[in-house]
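See below for the structure under consideration.
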Amino acid sequence: MKTVWKYKRDATFFPLSAWERVNLSKLCALARRLDARLAIPATSSNFSMRTRTDIDVDLGAFLITRSGLHKRLITPGHFLRVDVAGSPLHPLAPKPSDETLLHAMIYAKFPSAKAVVHCHAPELEKCRAPVFVLEGHELLKALGLRTHQESFPLAVFPNNQDMGALVKLIEPRLGEAALKVGFVLEKHGLYCIGADIDQAAMRLEALLHLLAAQGASWVAPKNKK
Amino acid sequence: MKTVWKYKRDATFFPLSAWERVNLSKLCALARRLDARLAIPATSSNFSMRTRTDIDVDLGAFLITRSGLHKRLITPGHFLRVDVAGSPLHPLAPKPSDETLLHAMIYAKFPSAKAVVHCHAPELEKCRAPVFVLEGHELLKALGLRTHQESFPLAVFPNNQDMGALVKLIEPRLGEAALKVGFVLEKHGLYCIGADIDQAAMRLEALLHLLAAQGASWVAPKNKK
Amino acid sequence: MKTVWKYKRDATFFPLSAWERVNLSKLCALARRLDARLAIPATSSNFSMRTRTDIDVDLGAFLITRSGLHKRLITPGHFLRVDVAGSPLHPLAPKPSDETLLHAMIYAKFPSAKAVVHCHAPELEKCRAPVFVLEGHELLKALGLRTHQESFPLAVFPNNQDMGALVKLIEPRLGEAALKVGFVLEKHGLYCIGADIDQAAMRLEALLHLLAAQGASWVAPKNKK
Amino acid sequence: MKTVWKYKRDATFFPLSAWERVNLSKLCALARRLDARLAIPATSSNFSMRTRTDIDVDLGAFLITRSGLHKRLITPGHFLRVDVAGSPLHPLAPKPSDETLLHAMIYAKFPSAKAVVHCHAPELEKCRAPVFVLEGHELLKALGLRTHQESFPLAVFPNNQDMGALVKLIEPRLGEAALKVGFVLEKHGLYCIGADIDQAAMRLEALLHLLAAQGASWVAPKNKK
């Protein structure tokens, strides 16, 4: 947090507001915590948050990590301001993350989504399309369930290099309650959505814990259609 | 420890004594160590300690973490002073942890209990009601057994969202020797009790180690009634 | 990074250029990150980078860690400048790492190789000669594949204490595309090659992640000839 | 290291020499590294080193950790100076570790032993008496073998609360080459011996790595008599 003030501009050369600097620093700290548990290997994973200046809101703009950098190393100055379609707001900006279109899809569909975090944690490797049902565990309450006796159908989509195809596959299902929390791309990674960065981070941590718990010691529930 | 002096008041607006600040800092440090081993995911887990001013003793008061915050981030200023029934001593205080009633039950039943720590470590996932018998390991001595040849019946209770029902289930069994060390809520977490924070933390660490040891490499003992 | 300037000379008594100090510090930081995941036990593992002064280029020189020190503790002053055959450029220098010949082989064969990193991570234990096929995972793209649907044949060579024999075994196969990324010595360790330190480190991290993913939860692919 | 100078005396009130302070600090740093991998749970584990003043040599004295403290917290001031039989050199000293007799046995039998480290790492849980044969791995060289093709018979003794009985069991076998490196107490922990602290630490790290490697992915070798 202490270095947050030295970043005056984002990677698209726009000035960063105090609110943006504080919140981008939270995303950077999250990246470093995830790195410590080996969840953002190589240059994978990406993080974004919606901005809230008037002009940004009109554009549907959000800030997202640049491509090609280990996310352990990101600072507020490594985020690009992109429009609703995921295009950087400055022509000389570096390349945004490959999965920017997925973030754009989420922000366009969910007005309440303010942060999206994506990681490649080892706990995810057991997830197979179309769904991994989490059940019976106290921590389900962190995902918004009322009791540990309800179950949470974590959606798992087959991986695809064509972001447009992925968007077409996922978008129709965004109405489902569980999709508002997050979803998995098979043998790729996890997306979590939050009304702020803390909620997105909390959901990610809860999902990884539930996946580890269910894999390590329970009889894995059968995948249901 | 070095930041302990800046917290003048708890979350119920009472002044913190020097003794309270030092001991709450120990609980905060414990929370951060548990976070490093992924044992306090999302906003789960809670920590409490009995206070010792005259007025607090009359009230059966203790200090317990507030709800809704990642426990990695707690400071002495995030603890609430609650009475023997778990109600905050100030009407404007934030909400205490959901499981405050369990802490209250323990302090009411055990005059010698001075600290209660509760976590959600992955090592606990293998515990099934009614009991997980730990045996044959040197570290059993850290739980108060005289030799590694005695066994420790770790009580496991079915999880329940109704704290009153849980109290009714657990309270009659608090006379058993093993319950004075701690107990598990199935697919939820571990409670450990100590005559001070160090003892509660030591018991928690020993139980997690024994569970990991017995699960990773031993033939798991059959659960006995 | 902040201590990088205090190292004026390498372990062969040559002055270190600013560029060398900065890049050796990156190797030292990598060693400490690998130590945190238990990947450089005891005095194992070694790290090297090609230098770029005119005289060094004529000699085919590179900088490599000295032998007999836990790599968690290395500094820029612990690297030896060695010639194309792996001999230190100063007769009073300490002993270079045992596997210096393998590094020399790689630099001689690949003009574009600028860094070689070698570790003993636990994730490697499942690799058996002659090959471990990695497939189906998004992170394969970090190894230079275009999609997750291509497969990466990670070469695995039987271990041998005779470095000359190992060089004879490995050298003829260095033309294969996958060998340009790295290879494994069975029950020994992993070598990764990069156009700079960041790329070598990224490839190492990606390979370890892919090995962990495939072992922990997938049906391990059959080794193919 | 930076706090090493503030400890003027050991726990038996003897002044600490500069050499002792530096070396005890190494043992403290080792304890903290082992804590990070969960290898010194609760108040378990102990560490010792031989001293080298004339009077200490005459007494067969060594410095060993006190009992009843989490070894994560030890400082040079927490070590006791004990004689050849393991008795503290001051009557008001705190209690030394329970296993002091085992350390004394090692120092008495091996004049070249200068440090003994004992931990309870999870990797040890698979060891069963009488022996766990480590074989086929490059890291065996860190234990003094010439090639990865030799095997290392790690001695495993049944645990016993009676230190005298343990000494009687182990002492006759201390002539075996492998015992000079270390041995295991079943369902208890590992002892490693070194000509200095670095060697003892290196052997401990190598043994834990070899045990993890062999357990995680190899067909465990059959225990041989």
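Each chain carries a letter (A, B, C and D) given by its place in the written order, and its residues are counted from 1.
Note that contacts are C-beta pairs under 8 Å (C-beta built on N, C-alpha and C of every residue); 3 or more make two chains touch, one makes a residue touch a chain.
Everything numeric here is computed off the predicted structure, so don't read it as measured data.
**Q** On C-alpha atoms only, rotate subunit B onto subunit D and read off the angle in steps of 5 degrees.
**A** Rotation angle between the two copies comes out at 90 degrees.
**Q** Using C-alpha centroids, which chain lies at the maximum separation from subunit C?
**A** B
**Q** When the C-alpha atoms of subunit A and subunit C are each averaged to a single point, how far apart are the two points in Å?
**A** Distance between chain centres, rounded to whole Å: 32 Å.
**Q** How many angstrom lie between the centres of subunit A and subunit D, each centre taken as the mean Cα position?
**A** Distance between chain centres, rounded to whole Å: 46 Å.
**Q** Can you pull out the residues of subunit A that are in contact with at least two other chains?
**A** Counting only residues that touch two or more other chains, subunit A contributes 36.
**Q** Edges wherever two chains touch, nodes for the chains themselves; is that graph a line, a ring, a star, complete, or other here?
**A** Shape = ring; chains linked end to end, path closes on itself.
**Q** Return all touching chain pairs.
**A** Here the touching pairs of chains are A-B, A-C, B-D, C-D.
**Q** Under the touch definition given earlier, write down the residues of subunit B that touch subunit D in their complex.
**A** Interface residues on the subunit B side: 36-37, 136-139, 142, 146-148, 198, 202-203, 205-206, 208-209, 212-213, 216-218.
**Q** Across the complex, what residues on subunit D touch subunit B?
**A** Residues of subunit D touching subunit B: 36, 38, 41-44, 70, 120, 122, 125-126, 159, 161, 185, 187-189, 215.
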